[in-house]
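Going by the order they are written in, the chains are A, B, C and D; count residues from 1 in each one.
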Amino acid sequence: MTKQTRRTFLKVSTLAAAGLATPSILRLGDRAWAADEIPVGIMYSLTGTTAIVEKSMNQCAQMAIDEINARGGVLGKKLRPIIEDPASEPRIYGEKARKLTIEDQVPVIFGCYTTASRKAVLPVVEKRNGLLVWPTWYEGEECSKNVLYAGSAVPNQQLENSIPWLQKKLGKNKLFIVGSDYAFPRGMAKTSKTICQNIGMGVVGDEYLPLGHTEWASMVSKIGSSGADVIFSNVVGDSIVAFYRELRNQGYDFEKLPLCSSTTTEVEIKAMGAEYALGSYVSLPYFQTVDTPRNKSFVEAFKAYAGADSVTHAAMEAVYTGVNIWAMAAEKAGDVTPEAIVANVGGLSFDAPQGKITIDPQNLHSSLTPRIGKTRADGLLDIVDQYAEPLLPLPYSSVGETADKRICTTAGATL
Amino acid sequence: MLMTAIDGKQVVQPLSPPILRTRNLTVRFDEFPAVHGVNLDVADGELRVVIGANGAGKSTLLDLLCGKTLPSEGEVWLRDENITSIGEAAIARSGIGRKFQTPTVFKEMTVLENLQVASNRRVRVFENLFQRISARANDKEVAVAERTGLLDSLNRKASELSHGQLQWLELAMVLSQEPKIILLDEPAAGMTAAETDKTAGLLLDLAGDHTVLVIEHDMAFVRQICRTITVMHQGSVLAEGTAEEIEHNPAVIEAYLGSATLSHA
Amino acid sequence: MRMMEERMTYRTASLVAYVAFFALLMVLPFFLNSFWTNRMATYLVYSICALGISMSWGYAGILSLGQGLFFGMGAYMLAMSLTLADPGNNPVPELMLLNMEPDAVRDLCCVTTGSFLWIPFRWVIVGILAGILVPCILAAVIGYVMFKRRTTGVYVSIITLAFALIGQLLIINNQPLTGGFNGLASLASLEIFGFEFDPYGPSIYYLVTLTLLAVILLARYLLSGRVGQVLKAIREDEARARYLGYDVENYKLFIFCVSAGVAGLAGMLFTLTSEFAAPSLMATSFSISMVIWAATGGRASLLGACIGALLVNFIGSLASESATFQPVWPIILGGLFVFVVLVMPNGIAGIFKDFFDRRSAPRTVEGR
Amino acid sequence: METFVIGLSIGSILFMVALGLAIIYGTMKVINLAHGEMVMIGAYTTVLATKHLGFNLYLCIPLAFLVTAAFGYVIERTVVRRLYGRLLDTLLATWGIALILQQLIRIHFGLGLFGIHIDGLGSDLQNVPVPSELQQAFQFLGANIPVYRAFLFVMALLLGAVSWWLIFKTRFGSQLRAVSVARNTASACGINDKRVNTLAFAYGSGLAGIAGVLVSGFKTVSPDMGTPYVVDAFLVVVAGGVGHLMGTLLSAGILGEVQSFVATWLNDVYGRTVLFTVVILILLFKPQGLFVTKSR
C-alpha cells in the first residue's frame, strides 16, 4: 500500500465505522431535518442485475438535484438526496421504500426501474401516503394516485408510431413478437396485436423467454421458421445481448429481417458491441442523438457529471424530467406533500431534452414524442421518424383504452 | 442334535423347527455370485458360527439376512414369515438384530442415548410425537449396560469411547432391541484377550434365550464358544458340523490346502 | 459428577438466553418507530425461516436449498386471499382482468384459464390454512420420492434447489393466474374478527413474535422428545437407525414437512409485513441466504438460528445504508459463509456452548 | 435438424462446464458451487485479454485455462482442503466464494473503492469480439448451421478427448483414478492424495474457464453470468453417473437435446422444467447414473 492509498483506506474505514455506529433505530423523536432542507429519496439499484442501467439513473437524479439546488432549490430550500441501494431485489425495494417514506419521511422517492420493483413499492407509498416518481417506459395497466409517471412511456407511445411505420416504410407484413417473460412484454404484445389488427398486419408469433435467459438459439430458429419478415422485440436486460448475438450467429441480417425493439437503449447497445445491433430499430421517445440545443446541453452536462464515455438514454432522461417536473409542481403548489404535488402537477409542461412533455391531469402519465431510431456503427441511433407533436399517454391501451374512452381517470381505473 | 452324512456332506437336522431358514439364497454383483444357493437352517436358541476365508461370502450372507443387500434369488424365512426384501427396518422389527464388524453407533450421542434409541420399541413417527425422554437410565437400560460393562460410561459421548467399548456398545444396542436372532460380524475383532473371553462368555450366555449367528475368523474364539459351525467357501456352504468335525472334514481341508489359514484366520 | 454440574450450567444459561431474548423482543416496540417496528418484524420472519432450516438441517441433517419454494408458496397462498379481500380486486383480481380474453366472463370461475383455483381463497381462513398445508403437501410429495429412493446429502440439496427453480419458473410463466414476475402487490390488510393488523404497528410485530415463540416452543418440545432423539440418531448413522427398526424415510419426511410448514408460515407473515408476494422469494440466492442465517447462528440451535437471522439481516441493512460499506457488503457476506463454515461450524450458539462446555473434548460438527 | 444442432451446442457447453465439475466431484465428492464463477472468470479473462492485450478468442483459451486453474488452485488450498469430508459445508463455503468472486469483479478487485477503474471490469455488461470466420453459417444436410455452434461442438469433443487422455493415459490420471476409487488405499500406496485433489480441482476449474471463453462469444459477460451453470452442470454429472467421462458426455448431449426440442415445441420454461424433471427421475430411479452398470 502506498502512503496515499493507506490514508484513503483509513479514512474510508473511519467513515464506515461512523456510518455503522449511528443507526437511528430509536424513536427518540422522529428524525428532524434542517429547516432549510427538503429530504428526497433516490432509490436505484447500485448492485445486482439491473445495476447496469440504474447506476446511470442514480447519477442523473443527483445531477438534476444539484442543478435545482444551484438555481436556489425548491421553495427556497435545498433538496437533500438520501440514496438507497435496493440491490435489484423487489423484496429490498419494499424495505428501502419503507425506510425512506416512514423513517426518513421524504415527501418523494425518485426510484425504481423494473415494474416488479415498482409493484413492491406501491403498497408502501399508497398506504403510507408517499409519492414515487417513476421513470421507465412500461406496460401501463396502472393508475395509482401515489405515483407520478413522469417521462415514462406507455405502450401506445411506443407502438402507435412504430408498427404502422414498419408496414408502410419497410413494407413488412408478418410480425413476430418476442419478449422476456413478464408483464411489460405481454402488455406490449397485446397492444401490438390490436394495432396490427387495425392496420391489417399479420402476427406470426408471440413468444417469451424467462428474464435473464441467455440461451436464445431455439427462439431464433423458431423465428426463422415462422416465416416472419419483421421482429418486434420486448426483450430486456442481459437477454438482449444474447438475443442479438444469436441472430447474428445464425446468419440473420437486420437489412433483410428488420428488428424493432422497445427496450434496447444506448446502454445495451454499448454492452453488446454496436456491430451486433447495427441497423436495428428502436422505438422510444428519447435518444442521445435528439437534435435540439436543449438535448445537446443535457448530454454535455451529463458527460461532465458522470464521465466522458457515458451515454444518455431514455430511462435516464425520464429521471431528469421527473425530478424537474416534481420541483415545478412543488413550486406551483407551494408545498411538497404528495397530495399537493398530485393536485398541482396535472397540465404542467417541462421543456425536457426530448422536447416538451406535459403531465396528463387524468392519469398522471406524460405526453411524449414517439421516435424511431436506427442503430449506427458508433452505438448511437439515427432518428428515422418522429412525431411533430407529443402523443397522449393511454396506460390501458392493452385493454382497449382510447383518447375518448379513458379507463384511468382521476377517480381511478375502471376496467 | 443329530448329524447325518448325505453324499459326504454333513447336514444338521435340527430337533425343533428352525427359526431362521434360507432357501437357495443367491446374490450376484456384476454377474459374480458372492453368495450362491445357500440353504441354511438355524434352530431356535442355537449359537451358530460361520467361518470361511476372506471373500467366502460370510458378511454378504449377513447382509442378505438383515436386508442390507437384496438377494438376486432365493428367500429368507423367519419362522413362517417370509422376510425377503421387506426392508431393513421391517426385518429389524420382526426380530433380527445386527452388529457390524466396524462398530456403527451414534457417535455424537451419549451411551445412554444410544441405548434409549435402540431399546425404544415404538418406531413410528406419530407414536413418538409426544414421547418424552428421561435423563436417567431405566432398569432395562441399566441391566444391559451392566451386562456389557458400560454402566460407568452411560453419560459419556460415544465418540469418547475406546474401540473395544464401542464394540460393547453396539452389542448392547443390539441386545436392547430384544431381537429373536442376533447377527454378529466378528464381535471379538480388536478386543484384548480378556475382552474376548468376556465376549465368548456373553455369547454362550445369550444362546438359548436368543438365536445367535456369529461370523468369526479367530478359531481359538470359535473353539471357545464351540457350537455348530458352518463353513463357507466361494459363496456356498461347504460343510456344517462341530468344530472337531470341521477340522477333519476332507472337503474343508482341501479347500484350505496351501493357504493353511484355517487355524489362524 | 462435575460433568453433570457443567451441563446444568449450560442448561440454565440457555434458559436465561431464551427468556432474555423473548423479553427483549416483547419490550422492543416501545422503543422503535414504525419503520423499525416493521423492519424488525420482517427480520423476525426471517428468524422463523432459519428455525425451519435448523430443524431439518441441524437436527436431521437434511439440507434443503429450496426452502424458498415453501416460503414463497406460503406467501402466495395468503397473498391470494388478501388480493381478493382488496376492494379494488372485486369480484375478480385486476391482474386477471388485464390478462383475460376480451369476451371472457368476469367471474373467478372462468375469467382466465385456471382462475377457478382462486375461488376458495375468498375466505381468508382458506388462505391461512393453505399457507401452511400447501408447502407441507408439496414437501411431502418431493420428500416422498426423494427419501423413498434413499436420496441423501448433497443430492437432496441439489434436488430441492432444482424444485425451487422449477416452481419459480412456473409461477412466472403463468402470469394470468399468478401475476407472473411482478407477483401480487395490491393486497388488503389482514383482518381477523374485525381486528385489522397494521404492518407498521405493533400488532403485526407481536403477531410475528408470538408466532416465533410458539414455533420455537413447539420445535423444542418435538426435538427434545423421542422424535428428536431418533432424528439425531438418523443424522449420525442412517443405516444403524434402520437396523434398529426405524423407518428412517418417515422420520425424514416428517421433519422435512414440518420444516416446510414453518417456512410456509414465515412466508405468510412475510406477506403481512412486506405487503407483497413475488417469485423472487423462491430465488436460489434467497434460499441459500436462509441457510447461512441458520449456519451463522448455529445450525443445531433453535435460538441460535433465530439470532443468526436477525444479526445477518441487521448488519446487512446497516452496511447497505452506509455508502462506504455498501460495495463490500457482498464480500463480507461471502466471507461470512466461508468463515462460519471453516472456523465456527456450530455458529454463535456453538461458541456459547463451548464456553460452558469446555470439557467436551474435540469439537465436532453437528449435522453434516 | 436445426433443433438438433442447437441441442448439440447446448449440450456442448453443458459438457464443458460439467466435465470440470465431474472430475472434481468424482475425485473429492465435493460440489463446487463456485464452479459457475470459474466460467465467469474465464469470460472476464477473455474480455480483459481482448481489450488490453489484443488477444483474439483462440489465444484466450489457454490463457483463461491458466487463470482459472490458478483460481481453482488457491480455492482448494485455502478453503476446500480444510473441509474434507464435510460435503454440505463445502457446498456453503463455495457459495460464499462465489459471492466474493462476483463482487470482486464488480468493484474492480477492490480498486474501485479507491476510484481506480479497469476497463472491462465492473458491474456493466461486457462483450467479446468474435473472429469473423466464426460469425457465419454454413449449409449442412439442408440445414443452416452457425459456425460458432459447430466450433463449440468441436471444442467440447476436443476437451473431452484431452481429459480422457489425461485420466487414462498419464501417471497423474492413474493417481487420480486411484484416489477417486479408494482414497485411503491410494494414499497408503504413497500417492499424495492432497496434491492430486488440488491438481484435479485446478484442472476442473481450468476447464470451466475454457467454457467461459467460448460462452463469452455468444452471451453477455457479467459478474453473475456463471450462477445458472452450476445446477445444470451438476445435474448432468449425476445423470451421467459420477466419475464416468463417457456418461457425462452422453448425458450432456441428451439433456441438451431434451431442452432444445421441448423449447422448440413448447417454450424454454417447459424446456427447463422437463430437463429438471428428467434428471430428478433419473436420480430417483437410477441413482448410479444413466450409463453405469450397477456394481457393489
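Convention: contacts are C-beta pairs under 8 Å (C-beta built on N, C-alpha and C of every residue); 3 or more make two chains touch, one makes a residue touch a chain.
Everything numeric in this text was worked out from a predicted model, so none of it was measured.
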| item | value |
| --- | --- |
| Pieces of the assembly after leaving out subunit A, positions unchanged | one piece |
| A-C or B-C, whichever has more C-beta pairs in contact | A-C |
| Most remote chain, CA-based centroid, reference being subunit D | B |
| Distance from subunit C to subunit A - Cα centre to Cα centre, in angstrom | 34 |
| Where subunit B and subunit C are represented by their mean Cα positions, the distance between them in whole Å | 45 |
| Mean-CA-position distance for subunit D and subunit B (Å) | 48 |
| Geometric centre distance via CA averages, subunit B-subunit A, whole Å | 74 |
| Sequence positions of subunit C contacting 2 or more other chains | 169, 172-173, 327, 330 |
| Numbers and ranges of subunit A residues touching at least 2 other chains | 12, 47, 181, 208, 210 |
| Residues of subunit B whose C-beta touches two or more other chains | none |
| Interfacial residue positions of subunit B with respect to subunit C in the complex | 66, 68, 88-90, 92-93, 97-98, 104-109, 113-114, 116-118, 120-125, 128-133, 155, 157, 159-160, 173, 177 |
| Touching residues on subunit C, where the partner in the complex is subunit B | 3-4, 222, 224-227, 229-230, 232-233, 236-237, 239-248, 250-251, 254, 360-362, 364, 366 |
| Residue ranges of subunit C touching subunit D (in the complex, touch as defined) | 57, 63, 65, 145-146, 149-151, 153-155, 157-159, 161-163, 165-166, 169-170, 172-173, 284-285, 288, 291-292, 295, 327-328, 330-331, 333-338, 340-342, 345, 365, 367-368 |
| Contact set on subunit C toward subunit A in their complex | 31-36, 38-39, 42, 88, 94, 97-99, 102, 169, 172-173, 175, 180-183, 185-187, 199-200, 274-276, 278, 280-281, 286, 317-327, 330 |
| Subunit A-facing residues of subunit D, complex | 2-3, 6, 9-10, 106, 113-114, 123-127, 129-130, 135-137, 144, 146-149, 218-220, 222, 224-225, 260, 263-264, 267-269, 271-272 |
